[in-house]
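These are the structures in question, set out in turn.
The two complexes that follow have chain A in common; it is paired with chain B in the first and with chain C in the second.
Here is the complex of A and B:
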């Protein structure tokens, strides 16, 4: 067997994901990894691989979660976090849409703004924090500003890209049928931009949600991030884990919601 | 009807090359009188400027020498009296078939009820009534091109421009759509200008076939087909003409 042939043979023999014939099994595939992780956690806690103060058992975390729910702490902190993220996200997204739309539709605006924007976005949220603390104080405006900043970046760049890529071939169709500039924007550029725009909004939310926790870690007296800090300070890792689970679950659910909405709005797109 | 004749009055076109700023001539002194209701085929190898010529007539590009007159008036920009069918159907993927046809009517003076009626008529004209609600990705390439033809005709333009409209289709679909285009042309009684690199298609459909050659793009000769429509593909006279025109390209 020649070298080339043996290479081909190797490629054909490469390890592949196992395929099961049953469709029901295929649907359960996404659950395998989480299940394995959970099992490792449960077994590890039970066998005492790590001290129980550091890694509380799942049952203990569940009890803590239940206590939080019953006492009302869970709702109070979750709603505080949701309020912050919604307002910050709304702020950042609105500004991002305007900024990105402006740069996407006008080359001049892009020339003025984009280089500065690109330089500023290289600075992480935490880098701004000392400055933002002095500027906004430690209260709510600080959180809104930093969450807005987190959403602003992907939304602005996504919007810019979405408007930029309006295909010439469709614009020419519009021009051939006498579309005005406004009609070209509303009838061609905007609908063509929608899928990319939606991805940007979704990514913006993920960023906002992530930075929410960071901001609450730094300075807050309520919220899911605060629960995490509080749990750490009291060395109650069960509280930390409970808050982490809630943060993950809410983020996941909202992302699913975006996904469902995108499917409904994008019925015209081949899957 | 003289009002709708299309006259290309010594049209030349230069592009400025972006790298060195030098002018590149793509069309050289194109002179052609197209009678109202005539079917003109423009055939040539790629790079002979035939698509550029169509874009000039459509009004997408306004910088050229000479004049293009429609009904005795020089064209300025695009206009609803000139419809277009591109090679890639260029339907808007976010609109269904009915709304895609209605795109042509966006700036038409018709009332909305009349627009709906006209769209229905054109759905029927291309035989796609049952697919009015379908989105472009749900229909075949041939069907999409029929929608594009309906969109091009929906304003009842005096000229329909076709830029290699069947070039991306398989041979069987192409033959079927050529027959359909012939029927529509006879029914609608409008001028059609078809740009193609398919000599058989050019001869089969055209009253006259304009043969172009490249560097710079210019008319080599104009062939009168002189056979009545509807035509049969196997007609010996058509076959002879096809071979004659093909000879122009094989010699070169």
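Here is the complex of A and C:
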């Protein structure tokens, strides 16, 4: 059976939508749901179906966002958050790379360390929070520690995995050329590990960003998470929503950035 | 002997901890001894506090998981089986997925209050996401040769769905459920932390932290870790059973 035939058949199996709608409709479909939600929100707020304390109008949220940007509050809080996440991420990632690299290169280190590591990983960031709160107090070290912890876990496990996945054939070629252990690591294992390593670093950053929000929600006096808490305490949902939009937008931008970087780096990739 | 190497580090740490508290190396009131944590553990278990808190947390966790996983399976099937559904809902869902789950907490707390309803809503959101992603992926990525065989046998759409696509997608669907179970447990702790009211193991932790009782905090962390590990092992066990039942593709 020809490949094209199968593909056609496959499409038929998928409750394909009729072919009559024009291309334009197809392209506009993904926007239908967001548009419907937004319209309901806007109309509902305008008609007063729900009280503005529960759901502020979109225009109001936009105004709040603009005010925040103009008054400089937005930049102050965003930079506080970014500073925290970058420092915590740098800490957690460097420790994770060392730990993961150690376990990845030495089976003995893995046997000694991995079970304890796995046991500690079972406790989520929020489980550590009360412990860290008593240990570090409510200041900045608490945030760095928790964000570092959040990044540490995926980076360590990813590094460990990355170092283990060099194809056996490559290692055999290396050995056949009489590579020393050090040469094997720098010449074979490390290049083979790079793509997975990058994925781990990216996942680590996603986790760090998520836990930044959590940590700031629980304990902070500035930052984007603090804006959210503050808005909620004053029942200013416009402020909450504006802050959530900023958090989402930054998370999205960072994700795109990593994506672009990965594609750039992907140009060089071991076959 | 080699098999026990993993125990070395925890034992050394425990020994150092015991020695340090025995000889009073730290004057801080926060430094509790292992015996003290053990005594707290025994007290919590014997007085029934633990069971009340754990029961409340698990009940929330499981009801949130059930709702989220049920909705997630339905949505995942829509995304995975229907091109129209995927086109209509896929991009919105992917955007929703990007927003940090915890950012929803303030809105949920205003809309649903601080009680169990709000917590269960949050938990079901946490369980929903991985279930949808993995269900849709599994249904979409059924190996082509399998579908070709179904075609050769002249299967109807319904037959190829129930006899080929669903069984082939099962491992992936199960991965989603398994992740959903873990996520919802993590979210349970988060919900109890951020939507403070009522009983729960997270509240035990907060109490310990507010009263500067490190022994209670350490005990709570131990319980949370153990429950997470148990849920993990149970899900893996069920996965293996199921795979034996349906065979693996």
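Note that in this section the second predicted complex is superposed on the first by the 218 of 271 C-alpha atoms of A that agree within 3 Å, B and C clash if a C-alpha of one lies under 4 Å from a C-alpha of the other, contacts with A are read in each partner's own complex, and residues count from 1 in each chain.
Rule of thumb we're sticking to: a residue touches a chain if its C-beta (ideal position, glycine included) is under 8 Å from a C-beta of that chain, and two chains touch if they have at least 3 such contacts.
Given the structure is predicted, the values throughout are model-derived calculations rather than measurements.
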| message | If we overlay the two complexes on their shared chain A, which of chain B and chain C does A:115 touch? Say first, second, both or neither. | response | second
| field | First, second, both or neither for A:213, with chain B first and chain C second | value | second
| field | Of chain C and chain B, partner touching more chain A residues | value | C
| said: On the A-aligned overlay, A:131 touches which partner chain: chain B = first, chain C = second, or both, or neither? | reply: second
| message | For A:194, using the defined touch cut-off, is the partner it touches chain B, chain C, both, or neither? Pick first, second, both or neither. | response | first
| Residues on chain A engaged by chain B in the complex (per definition of touch) | 169-170, 172-173, 175-180, 183, 187-188, 191-192, 194, 267-270
| note | Interface with chain A, chain B side, in the complex: residues 58-60, 78-80, 82-84, 86, 88, 90, 92-96, 103-104, 106-107, 135-137, 155
| said: Taking the touch rule as given, give the residues of chain C at its contact with chain A in the complex, in rising order. | reply: 2, 5-10, 13, 30, 81-84, 87-92, 95, 98-107, 109-111, 144, 147-148, 151-152, 157, 160, 165, 186, 189-190, 193-194, 202, 205-206, 208-209, 212, 214, 217-218, 220-221, 224-226, 228-229, 232
| message | Show me the residue ranges of chain A that touch chain C in the complex, using the header's touch definition. | response | 1, 6, 9-17, 26, 29-30, 32-34, 53-54, 108, 111-116, 119-120, 122-124, 126-131, 133-135, 209-210, 213-214, 217-218, 228-229, 231-232, 235, 237, 240-241, 244, 247-248, 251-252, 255
